[in-house]
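The structures come next, written out as structure tokens.
Here chain A shows up in two complexes: once beside chain B, once beside chain C.
So, the complex of A and B:
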């Protein structure tokens, strides 16, 4: 009898605990409302305007500009120091737009948008691939939409550079398999030194194609530990800087190649490359690194006497500018700059590799990196998610006043807290969802719960997210928050997540759809093709329709950029900068 | 015992209802109500399955854009109406966080009822770019636009003092790149420079070309210079104005650094900046007056 009683009680308690479950809905129960269609309408309008005005600039090409000036309807232009203007089309920087086009075809059932993406990629791969296989795209090369010729923004022969651009290889392979495979192989040939594991984010367009690419003998790990079990970061890189953002693209390409061809060698090299970063991570804190080598000094002391001369030939630039901190002061170990590349873009790639290619231990790595990073750096201040600046051994640099100018900024700069962007939501959530054991999810979930709440989305509740108390009237208008809520809905089928996702989607439309285009905010001048908002809105639209997210393009990165020499904002001096900091920060009030 | 169990079960069932409602009230409140409202009141959109159909998707009208044609304007700066001891209106003096306070300054001063600009540079810092180029410390500029005419004339008066003088350059630039300028050097020789620097794009060492002249300046004496450019006819010229006489100091074609991609066949980029500079590595004063940029026809 006691057993019956206990069973009855457990049954009842179980029923009580699932009290909120009774409002759960399966996707087939969801009503696609007029409000849902209104969001889709804005996305269609945006895409149609991008296609209409982007193509109007030069009707001799399918290529589109990276961004459109919403006041003039003209392409964004790179302005060189001598006023030369280039309307640029950098296909590497338009990956989210191609994903948007494919997603739009998926939800509308009309292939015309996918065909647009294919036409652009087809023309690009046919005409703008170097004979060695590298594409003319990325950080320092673009296509001039006036002349349809290749333009460098660096020196006369700017190098190939991809940093977290993670091309839409699935579609590229569909459009031109041979060109895509040749590109991926040359990406490694041009950027990676097989015998020394030196990686350069710059690859030469003069590099010869290697028929034995990925066939080189595997070498020992170059990161070894000292007597204390800490990694020794070599300082022997011959001018190469193995930034993780470049490695992320190499690894992603190699995983794609291995999966597509069935050849295991590219995957083995990708795993080797990622392992160097893992070995270089701090084993005590868990925090990982931006690079696993420093450059060797090749410049003379007199050349390097000027601290503002930041050429990497003068050695590790953090060791130069932050020498007060001793041996830990290395570019590898900085945890307040480039952290998006380390803890967002790289982790999203690792999780993608784990999910698609079965490299399960990447989930454990990702969890270790994020737990270490959040354990040491995360702090909530003034109602904001913030990061404490430090090195990866936990040495705090907060409050440090930089004594002299250098690569990391001007002299007298005081290091303060760094605001954590919403982009962190996705790697944290996806790591939790990819983790098998509940006990291993607890720590990250606790951080996730805090971070989500601090962003004003409400409480996702205890581990599992089955009992959330979300702020359905949240004011956040962010695509990463939207995608996180959609992914939580997929994981839990709790309709609260869908409702808050709808709210965020409405906020995005209300706050970012102006003058016929999606812009960062009402006053921002340019509509950027790579912006993730429209893709996020379409992923939401697909979920409401009951389309499996596996059948929709997947968000991986939002990092497309151009870097090089340009006319400074004062219009009278030369500078070296990025589209993201020079062009896409301009407002409608900056337009002359 | 069975009765006890049944009573307990009934009690717990009622408790469950009460608890569940309380839970809903506490944890979800309006959200659940919203969901209920949605499920009962909201109809499915008729455009769900025909999102591009007529009656669903309404294409936007042609967007109204503003013209991107530049508006031309010129410069007429006698500094007579500017406030004393302040930087003149319409001018920009470069500095960055490494510059100390008053390491560079440009301020309007008055002498014999004439207002003009006193220029000072400590020569200690310079812009980061272009690296490896003789980048000046002192960069004082005003903009104009003659992009449609693609030609123009500029005038300027400049003086170096006998005490604490500095080398000074005046001329017109295309953005950051010199088109043609005149320098009164430390030894008071007068040098014309055409083009440059634009090191980092072409890598042709095109730091500009220097041309010596026969003119030697005298301190505490105002010198008037005139610059002409015409992209259609591909020339730049620098004159010294000796009273009513125009003395040609140098005539040349546009330098390669003023062309698109620093290519010999690249389109010529026309000047839009009047620029005054003093070099890195030396300190001192110079004086500036009567900066005029006008169309080739004098308007």
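So, the complex of A and C:
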């Protein structure tokens, strides 16, 4: 009898002492409920409606529009300054929909959805790849669904641009290996300068294909330290802007290429590229950077006299608009704008590279960046997760009144707190889960616990998350919160996480499923193909069914957009804007 | 003995169901009597090992809630975001129901770690026109001062940040343009 008692006690102690262990349900003994089916049914209805209305617009193509008007079933249209209306299909902006299709096939066992994704990608890669390898997609190029021709939204010859779009390469390789590999190679050729490490978010469709791509000799790091051990950010970039959101896509592509072909050179260059951002990070605070170079001044003083002329040829745009702060005022050092690209999208890619391609030190980098950022900037204000604006050396800019207009906003703008979005949950949690030592998990877990609680999800409990006290009636209707809870369930197998994930899933359906489509809210007009809600719901559905998340498509980003010249909302003037601010903000009340 | 075994089985089952696990709590020692009633309720003396486990988790959870309460109700946030234009002692709370609260200022010469405000004799930022010569007076005189807060209770910690806006004293200078 004593042995039984001892065994029981040991079992209890064993449970108590486990840190975060990555255990995955091998088979599900979870009961699949009517509510679970109801959620799945909404996703199926959404997907079927996207396919029905998307294909109905032009039956000569498999391509789908980026978004669908939920009142009429028609595609969203880009209105050029000359009033030409173009129903657009930008395949780079539909990556989460393809992941949704594959996930839907996985949970239903019906291949038709995966086949739809393959048909779309197959037609696209066959017909819309430039001879040099670049695809006609991204920030400035799209396909006109009426004429099935390539359109440019940025003058006549818009450049190639990917910013955190992280294409679904696994499926692309399956559909058309040659086209995918050629694209990845040309992505680097068109955007990266091998001899100087200059990187431009814009790549030319006229760039010649390079047979020796990735075969260039490796160069020294271009970031060096000053006498104080602080990074010197070069100001010699010839009009290029090495934004991390573009670099994230380059690195992800190169890691994919190296893994697929077995050639180590692309990985070496991807590691080189990411290392420049790391070296440019502040070594004291740990906070990292949006870019590792500033642009060379190429414009005349008279051209740059107008502060609203923010061409990068006038030099670093933060140095211009925030010059009162002195040397720290550089675009690279800003910690209140574009931080999603730095601390969410880039970190998710780094963690993916660590997990899939064995680049373990990226986990340490990710942890260092996040700990520094949260240590210095994270603040709770009025029950909300907020960020104190500052430069990456810790110089606070909160309350600063900007004397004149510039790239970062109008004159007399006062810098305030920046709301921390729920997207931060995933990089923080995934970094914790990827960290080996328990003592290294403590700080981020503490922040994670506070942030989750402040979002109204409840208490995930002490390190390890094995004894949470979650708010099972949470009102949050957010796909990132949902995915975080699913990933915590996978890590702990604690059913509370699954229950709260179901609640969040139900909330998403209740608050975002209208007129047969997932929309941002009831009144929003367009349903975007790239929205992450349906993928998150399917990942939850898969877990309930006992499908290993490794067998499901993985969420990485939802940053798809189109940028360029269009007709302003006044119907008269020309403007330059984004789909996100011009089109996807329209409500059903804007529709006549 | 049967009751003990029964209790053990129930505990194991509940642990399997709720997957209780790692816990960083160092002790099951009773929390000081000045904690909340809710906390005290959960401090029943442990009778068995399994009860100790459950109690430990309850204690951890209650301490977590107590630390949140300390942040929200101790009064530490009363000055948050307000313009402070008089040198004074902010009387920042140093304890709350047994929670120890300490402060670490990022500008200790303006707001000390004890919460004493000394108005600075210079502006925060000197702003100038694009020519780099013509001053723009009084645009960015007030200092944003971040104070990091550490709340501790029986080895458990919670951090927070406070933001104080401090005006410079009368007759301050503003001649430190960095542009």
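The definition used in the following text is that the second predicted complex is superposed on the first by the 565 of 592 C-alpha atoms of A that agree within 3 Å, B and C clash if a C-alpha of one lies under 4 Å from a C-alpha of the other, contacts with A are read in each partner's own complex, and residues count from 1 in each chain.
The criterion applied here is as follows: a contact is a pair of C-beta atoms (placed from the backbone, for glycine too) under 8 Å apart; a residue touches a chain by one contact, two chains touch by 3 or more.
Since we're looking at a predicted model, the values are computed, not measured.
A.B. asks: Once the structures are superposed on A, label A:450 by its partner contacts, choosing first (chain B), second (chain C), both or neither.
C.D. replies: Only chain C; A:450 stays clear of chain B.
A.B. asks: Between chain B and chain C, whom does A:495 touch in the aligned arrangement: first, second, both, or neither?
C.D. replies: Touch status of A:495: both partners.
A.B. asks: Contact-wise, after the overlay, does A:349 reach chain B, chain C, both or neither (first, second, both, neither)?
C.D. replies: neither
A.B. asks: If we overlay the two complexes on their shared chain A, which of chain B and chain C does A:396 touch? Say first, second, both or neither.
C.D. replies: second
A.B. asks: Between chain B (first) and chain C (second), which does A:469 come into contact with in this model arrangement: first, second, both, or neither?
C.D. replies: both
A.B. asks: Give one of first, second, both or neither to describe whether A:101 is in contact with chain B, with chain C, with both, or with none.
C.D. replies: Neither: A:101 stays clear of chain B and chain C.
A.B. asks: Given the superposition on chain A, which partner contacts more residues in chain A: chain B or chain C?
C.D. replies: B
A.B. asks: Touching A:405, do we find chain B (first), chain C (second), both, or neither?
C.D. replies: A:405 sits against chain B, while chain C stays out of touch.
A.B. asks: Of the two partner chains, chain B (first) and chain C (second), which one does A:117 touch, if any: first, second, both, or neither?
C.D. replies: Neither partner.
A.B. asks: Could you pull out which residues of chain A sit against chain B in one structure and against chain C in the other?
C.D. replies: 1, 4-5, 8-9, 12, 15-16, 19-20, 461, 467, 469, 495-496
A.B. asks: Which positions of chain C touch chain A when the two form their complex?
C.D. replies: Going through chain C, the ones touching chain A are 1, 4-5, 8-9, 11-12, 15, 17-25, 49-50, 53, 57, 60-61, 64-65, 68, 71, 80-81, 106, 125-130, 132, 136, 139-140, 142, 144, 146, 157-161, 163, 165, 177-179.
A.B. asks: Under the touch definition given earlier, write down the residues of chain B that touch chain A in their complex.
C.D. replies: It is residues 1, 5, 8-9, 12-13, 16, 19-20, 23-24, 27-28, 30-32, 34-35, 38-39, 42-45, 47-49, 51-52, 56-60, 63, 65-68, 70, 92, 94, 96-98, 127-131, 139, 141, 143, 173-177, 198, 200-203, 257-262, 266-267, 269-270, 272-273, 275 of chain B that touch chain A.
A.B. asks: What residues of chain A sit close enough to touch chain B in their complex?
C.D. replies: Spelled out, the residues of chain A in touch with chain B are 1, 4-5, 8-9, 12, 15-16, 19-20, 23, 31-34, 36-37, 40-41, 44-45, 48-49, 53, 69, 71-74, 79-84, 107-110, 151, 154-156, 308-309, 405, 410-413, 461, 467, 469-470, 472, 495-496, 499, 515-516, 545, 565, 567-568, 570-576, 592.
A.B. asks: Using the touch definition up top, name the residues of chain A that touch chain C in the complex.
C.D. replies: 1, 4-5, 8-9, 11-12, 15-20, 305, 307, 323-327, 378-381, 388, 394, 396, 398-401, 403-404, 438, 442, 446, 449-450, 453, 459, 461-467, 469, 492-496
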